Structure formats: C-alpha cells, structure tokens
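Each structure below is given as structure tokens.
In the two complexes that follow, subunit A is the common piece, with subunit B as its partner first and subunit C second.
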Partner chain A sequence: MSYVRGLKCRECGQAYPEKGVHVCETCFGPLEVQYDYAAMRGKVTRESIAGGPRNLWRYRDLLPIHGEPKVGLHSGMTPLKRARNLERVLGVRELYIKDDSANYPTWSYKERVVSVAITKAIELGYDTVGCASTGNLANSVAAHAAEAGLRAFVMIPHDLEQGKVLGSLIFNPTMVRIKGNYDDVNRLCSEIADKYRWAIVNVNLRPFYTEGAKTFGFEIAEQMGWKLPKHTVCPTAGGTILPKIYKGYREFINLGLVEDNQPRIYSAQAAGCNPVVEAIRAGRDLIKPQKPKTIAKSIAIGNPADGFYVVQAVKESGGWGEDATDSEIVEAIKLLARTEGTWTEPAGGTTLAATIKLIESGRIPRDESICVCITGNGLKTVEVVVDQLALPESIAPSLDAFDALMADRGTAVAAVSAV
Partner chain B sequence: MAVKVRIPTPLRSLTNGVDSLDALGTDVQSVLAEVCQRFEGMDKRLFKQPGELNRFVNIYVNNEDIRFMDNLSTPVKDGDDISIVPAIAGG
Partner chain C sequence: MAKVQKRVWLTFGNRNLVEKPILWRMAREYPNVSFDIRQASVTAEIGIMAVLFEGESGELATALEFLKAQGLTVEPIEKNMIES
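And then the complex of A and B:
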C-alpha cells in the first residue's frame, strides 16, 4: 500500500493531486509529497525495512510510488565504511564514509532520485524522460531509461568531462549539448518542459525525484545500526540532497526508528561556486547567484533552486557551511583514495576538504561521530588528477631491470639466504 | 519600446494560454508592471511586495539573470527578450 496523500506547496500550502506538475501555480514554490505518517506507525518498522530487498526500494513506504518499482532494482544500499585510516590522519574518533561512488549502474547518488522519478514517470503514463544535468544525472537517466525502454533526452553543458559525456552516450539517449553553463541548461529545460510532454526528471517530476534522495540518509541510519551520526557533511549543488537527507533523518526519528540525537548537517561547496555557503556565513536566507568557476563541475550550480532549503536545514540542525579551493579539492580526493581506497570525483573531494576544515576550525568536535557523504565516482573525472599523478617509467621484463629500479628507489630487498 | 515577455506554463492560466506577449517599458520593473496591469492576479504571483519578487521567480533579460545586472532596474530596449522562469532542481 502507499502512504502518499498528494502534493503540497512548501511555500503557500496549496494542495495538488499527484501529476507531472512543474511548480506551485500560485507562487512558484516547490511542491512536496505528503504522506500519512500516522498510518505508518507500527507498520513501517525496523523489521519491515530490514525484511525488504537489498536495494533502495526497501524504503518504498517512504517513497512516492503506488505500484511496483520499475527501475533501480540494483541501486542503493551502497557501502557505509568506517574510515579508520582517515580517523588517524585527521585525529577524530568516529568517521564514516557513505560511498555512493559505488552506486549501480552509473556510480553516483543520482541513481536514487532517478529510480524514483522514472518509476513515477511510468506510473503517470510518460514514454519519454529527460533531464538538465552536469553529467551524473544524465548518465543515470540514460541508463535507467534504456533498461525501462523509454526514450531519453539529456541536456548538458557543452564543456563536461569526457567520462561524463561518454557515460551517457553509451546508453544511446538523445544528447543535447548546450553552449552555456548548467544554469543556462537548467533554464532552457524549464522552457522545454513547458513545451514538450516529457517527464523531465528534475523539472516537472521534481517533487518525486527529490524524495529519492532521502534514501541516502535512510541507509546511513540503518547501516550505522539504527542510529544517526551526530555530524553529516554533504555537498551542495542545486540543493536537493542535503535537505532530503535531513528530512530522511527526521522521518526516521518521528517514526521511532532511531533515537533523536539532534543530528547536525553541514553544506560543502567549492570556493569557486559557493552561493549557499556564503549565505550561511552571512546569516541570510537569500541566495545570491554566482557564475561558477571551479573544477568541481558536478556541483557548479550558481543559482541553486533549493539553496534556500539547504540554508534552512543547516540552520535548524545547528550545522554550518564550508568551502574548498580547487587545490584543496584535489588534495582531498588523493587523501581519500590513499587512506580509504575510495576514488571520488571533485564533489567528494569538496566534501572531505570541507569536513577537514570544519574539524580544524572546531565546528565539528573531534570526539563525535561524523559521516562524509561521497556522491560520485572519480573514474568519470580523470581530468582533475591526470596532471597530478606521474606516469612511472617502463622497464624491460627482467629481474635485473626490476632490481635496478628498486635500488634506484631505495627499496631494500629483504636478504634471502641461499639454500 | 516593445519588449517580448515569455510567460511560463504555471502563469498561462492568467493569460488565457498566451505564452508570450509584447509590452512597453524602459526597465524590467516597468515592463512587468504593464504585464501585471494587463492580467488580473499576475501581480501576486510575481511579487511578494512592490519591488520584491517572490523567492522562486527568476527573471532573465536576453538569457541573463537580472540579479547579475541591475535587478528590477535593469534597463531594456526595443526587441529585448524577458523570460519569467521558475527555479528548478540540480542535476
């Protein structure tokens, strides 16, 4: 059964039936899915969730679908890793990495939002899906649409990393490269959604799409053994995931599934595109748009639609915002890889770099639990590290050549006595 | 001077389905004032109070967000294109 009770504008409260509706017709505010939480009591339990499938649909009672899930049957339930090596390096007691660089099938957190949006698109009778994307979303839409047998149109800025472009093209969508930045693509897509009868997942399916991001938070809570980290650091681009992780935490608290430890949530942005962090620092709700200039292209959104709600969630929880320069981002990518074996894209580097600064500045205490949200995979953005990693010289396939190389490197060979 | 104003779907219930129209004015404020005058109810949809747009209303002049220019005082000239665009989610 479904607990969904329609849509409601977050700003003015106007109610809407479930449909592919762009924004509130009265005030342009975002629409939020309404659930009957009272009816969930006693029915949505730790046991009911734990007895579900090993994918993000184990949380379907808290997701806005009515029928069976159509895609994403292998998405979600990504690793939550205790990062003991990083704990030592950073001098903190309890650090976790929630690792969506391992999310199937296109290696980012977008599988979560797209699984819900495409299932909903099919429920609502669409045969064509699309998106405005900085790359990861396009990859995910293209892959899931291929599996579902839907037509896909992905709209992206013209200058994305090759891995992100090929990562969509391989699934054979119609790709439209647009001469402009993400904000230009975004604006065009809202006009396309007006004109064509397509399910553009982050435009007219946005109320359903964003709900999928809650599963990132649900998994953290369940995988920690039904408790919440005290501090969660999350990247911010358009502002979808952070408020939804926080909403997921609050839903679990209100359903009695986890104890209320008053979790705090923190926003991480690149210094070259930090409109939300800037607003948090200045203590204002108003987001001043920026022209992005950063290597962290997946989070280079200068005009974040849900930025206001990020500021609200951060403020309400007692969290904060921090940014990282391009070189700090690259250093953090390398640090995460060599300490924990996780290769993330610049968005993840941004989040770890911001976490480090929040710890060093004392905003996050060293003796409380911390979760770093890794939302994308480094293999798609090799450009940012290719100049940083020296290609080793090649040698002849002989032991002599190998010994000479080791001697060169000062690597001592353990003495082996002749038999 | 005539400026073309594009009306997004959520506002077309107020304009009898019209998706773009020509309006007169020297800056964004005066053009929008004419649009509001022509369609009943438009004012409340666009403005929180006089001179202050609702939080989720974005206005573009020739593809540039007016917040990068002079906000509502951004000047417009004959043939310019004003788009009213609701904010949308990231990707």
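And then the complex of A and C:
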C-alpha cells in the first residue's frame, strides 16, 4: 500500500498529480511529495520496518512509490559505526560515523536518491533517464539504469578528468561531453531537460529523487536503536540531503518511532564554496551565489537548488553551519582513515573538519551524541591525497635490510622465536 | 518570429544592485521582451526573483545578457543542475 497523495508546491501550496514535474507553474517554487501520515499511524511501526528487506526499501512506506522497487535492492543499510578511536582523539563522549562510502553499487549516498528516482521513472513510463554530473550522481544513474535496462544519458563538461568519466562509462550510458564553461553546460542541460521527455533524475524527478535521501536519516535512527543523535553534521552541495535527513527525523518523531530529543542539524561546506554557511552566519535565508574554488569538488555548488531549505532546516533545529579550508579537509580525510579505517572523499573530510570546529567552538557539546555523515568514497578522489602521503623507501629482499630499516625508524621490534 | 519563454532566477547580489532599477532599464532597452515576476524576496543586501521572460529567441537572449552585464546572476530555474 502506498501513502503518497501527490505533489505540492513548497511555496504557494498548489497541488499537482504525480508526474515528472519539479517546479510550480504558478510561482516556480519546488514541488514536494505529500503523504497521508494519519493513515500511516499504527501501520508503519518499528516492527514493520524491521521486518523489511535489508536495503533502503525497508522504508518504502515513507517513499514515493506505488509498485515494487525496481533498483536499489542492494543499496542502503550502510554501516553506522561507533567511532571510539575518534572519540578519544576529539575528546567527545559519543560519536558515530554513518558511512555511505560503503553504499552499493557506486559507493556514495547517491544510490539512495537514484534508486527512488529510477524506480519512479519506470512507474511513470519513462524509458530514458539522465543527469548532468561530474561524478557520483553520474556513476549511480549509469549503474542503476544499466540494471533496470533503461537508456541513460549522462551529460558532462568536456574537460572532466578521465578518472571521473570512467566510473560512469563502464556502465555503458550515452555520454554527452559538452564544450563550454560551467554556466554554459548548466544552461544547456536545463534546455535539454525542458525539451526532451526524459527523466532527468535531479531535475524533473527531483521531488521523488530527494525523498530517497530521507533513508540516510531513517537508517541512522534505526541503527542507533530507534533513537536520534542529538547533533548531526552533514555536507551541503545542492542542498538535497540535509533537509531530507531532518525531514526523515521529524517523520520518525511524528510517527512515534523515536523520541523527540530536539535533534540539531549542521551544514558543512568547503571554505572555497560556502554560500549556505555564509548565509547561516549572516542570519540570512537567501543564498548569494558563489564561484567555487575548492578541492571538495563534489560539494562545490555555487548556487544550490535547495540552499534556502538547508538554511531553514538548520535554523529550525537550532543547528549551525561551519566551513573548512582545503588543508583542513585533507587533514580530516587522513584523520578519519587512520583512526576509523574509513577512506572518504573531500565531502566527508569537509564534514569531519567542520564537526571538529563545531566541537572546538562549543557549538556542539562534547558530552552529547554526534553523528558525522560520510557521503562518498575516497577511492574516487585519490588526487587530493596523493601528494600528502610519502611513498616509503624500498629495501633489498633481506632480513638484514628490514632490521636496518626498523632501527632507522626507531621502531622497537621484539624478536620472536620460532616455537 | 515565434516567441519563446524562459524561467530564470535573477539574483541581485548586493545593495548596489538591489537599489538600481535594472528591470525597468531592460524593459526600456528591449520593449518586445516581457517579464512576469512570479516570486521575489528582497532585502537591503540581496534580492532574488523568479521571473518568466517571453520574447523572440535572439532578443530574449540579448536581454538576459543585458541583465548579466548589469551584474545580476541569471540562472535556470533549476539553478545548478550539474551535481557531483
């Protein structure tokens, strides 16, 4: 049974049927999925969720589909790790890492939004899906479309690095390399989305796509034992995930699935592209567009589509925004790797670096529960750390050479006798 | 010549731009391009408008270039479509 009751404009309230539209025809405000929460009460329970599949579709009652899920049957339910080593380093009592660097099949949180969008695209009768992306979104759309047997168009700037292109090309989408600067490519993609009857997942399917991000928050709550962290720190790029994690928390609270501990949510951005954090600091709701300049390219969006709603969620929750310089981002990537064994991309480094600054500034108390949202995998962005890690010298294949190396390094080595 | 429509966000990014009658100037300069403000939020420091423009394709593009040349940010209603 589906609890979806159509779409509604977030600004003027105009109602729309479920179809591939994303902005209100009257005020151009964004559309959002409406659910019948009253009908869910008593039916959507901890038990009904726990009895579902071990993937993101265990929350399907709170997702905008009617039939069976088509893709994403192995996506979601990523690790929520108690980060005890990091707790000691940072001097905090209770710290968790929600780790979507382990999300299948393309190792980022995008699996969540794309699984929902592609399932919805099939329900709505589309045979072609697409996106404009420089990385994780393209990877995920290409992979899920391949599994679903849909035609996929991936539009990219022509000068994108080969490594980023391969992660999509391997799934055999139709890739369109567009000459021009970022603004040219963006404008053309908007015109393509207008003209062709394709499901551009983050454009005309955006109301459905963004709902998939709620599952990140649902999983945090369920994996913490049906409770919420007091503080959740989340990266902000286009502004999809943060408001939806917060919405997910509020839905669970309103359905009585978790206690309302007044969870606070915090936005993390790179200092070289911080339009949302800048607005939060200035006490503004409106976002001033920026030209990005940061190594955290996966979150370098100068005028985020949902930036306004990030600011609203942060303000409503009592959270805050913090940014991190490129060197702080790299240090945080290395810290997370050496303490918790998780290698994240710069977006994750940004989130951890921002968390550290929020703790040090006293915005996040050291004795309350904290969850750091890791949304992507470091293996896709090796270039940001390749110059930061010294390649060790090589030695001759002899025990003497090894012993000499140990002595050089001052490493205390206990000789072990053969038993 | 067939008319086309464009839905865009205009951002007036500072006080100087907020206090100038830029849309009025555009209307004088390009009288055949019409505009319809569907949503606006304006403070002393920043103004953002959702606007529907309509006109002949070439003239409409020139009018939008005029707005950019005045310092406005002109973006598709989807804003940044290109995600990582």
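As a working rule, the second predicted complex is superposed on the first by the 394 of 419 C-alpha atoms of A that agree within 3 Å, B and C clash if a C-alpha of one lies under 4 Å from a C-alpha of the other, contacts with A are read in each partner's own complex, and residues count from 1 in each chain.
Convention: contacts are C-beta pairs under 8 Å (C-beta built on N, C-alpha and C of every residue); 3 or more make two chains touch, one makes a residue touch a chain.
Note that this is a predicted model, so its numbers are computed, not measured.
Undergrad: Which of the two partners, first being subunit B and second being subunit C, lies in contact with A:Tyr209: first, second, both, or neither?
TA: Only subunit B is touched by A:Tyr209; subunit C is not.
Undergrad: Just to be sure I read the superposition right, which of the two partners does A:Cys131 touch: subunit B = first, subunit C = second, or both, or neither?
TA: In the superposition, A:Cys131 contacts both subunit B and subunit C.
Undergrad: In the superposed arrangement, which partner chain does A:Arg284 touch: subunit B (first), subunit C (second), both, or neither?
TA: So A:Arg284 only meets subunit C here.
Undergrad: When the two structures are overlaid on chain A, which partner does A:Asp184 contact: first (subunit B), second (subunit C), both, or neither?
TA: first
Undergrad: In the overlay, answer first, second, both or neither for which of subunit B and subunit C A:Asp159 touches.
TA: Touch status of A:Asp159: no partner.
Undergrad: Quick check for you: in the superposed arrangement, does A:Glu11 touch first (subunit B), second (subunit C), both or neither?
TA: A:Glu11 sits against subunit B and subunit C alike.
Undergrad: Contacts for A:Val23 in the overlay, against subunit B (first) and subunit C (second): which applies, first, second, both or neither?
TA: Touch partners of A:Val23: subunit B and subunit C.
Undergrad: Pick one for A:Lys297: touches subunit B only (first), subunit C only (second), both, or neither.
TA: second
Undergrad: Give me the intersection of subunit A's contacts with subunit B and its contacts with subunit C, in residue numbers.
TA: Touching subunit B and subunit C on subunit A: residues 11, 22-23, 26-29, 131-134, 136-137, 182-183, 186-187, 189-190, 193, 202-203, 206, 237-238, 288-289, 301, 303-305.
Undergrad: Which residues of subunit B touch subunit A once you look at their complex with the stated criterion?
TA: 6, 8-11, 13, 19, 44-45, 54-58, 60, 63, 65, 67-68, 83, 85-91
Undergrad: Would you pull the subunit A residues touching subunit B in the complex into a rising list?
TA: Residues 11, 22-30, 110, 131-134, 136-138, 180, 182-184, 186-187, 189-191, 193-194, 202-203, 206, 209-210, 237-240, 288-289, 291, 301, 303-306, 308.
Undergrad: Given the complex with subunit C, which residues does subunit A contribute to the contact?
TA: Per the stated touch rule, the residues are 11, 22-23, 26-29, 131-137, 155, 157, 182-183, 185-187, 189-190, 193, 200, 202-203, 206, 237-238, 284-289, 297-305, 347, 376.
Undergrad: Quick check on the complex: what are the subunit C residues that touch subunit A?
TA: 7, 9, 11, 13, 38-39, 41, 43, 45-46, 48, 50, 52, 73, 75-84
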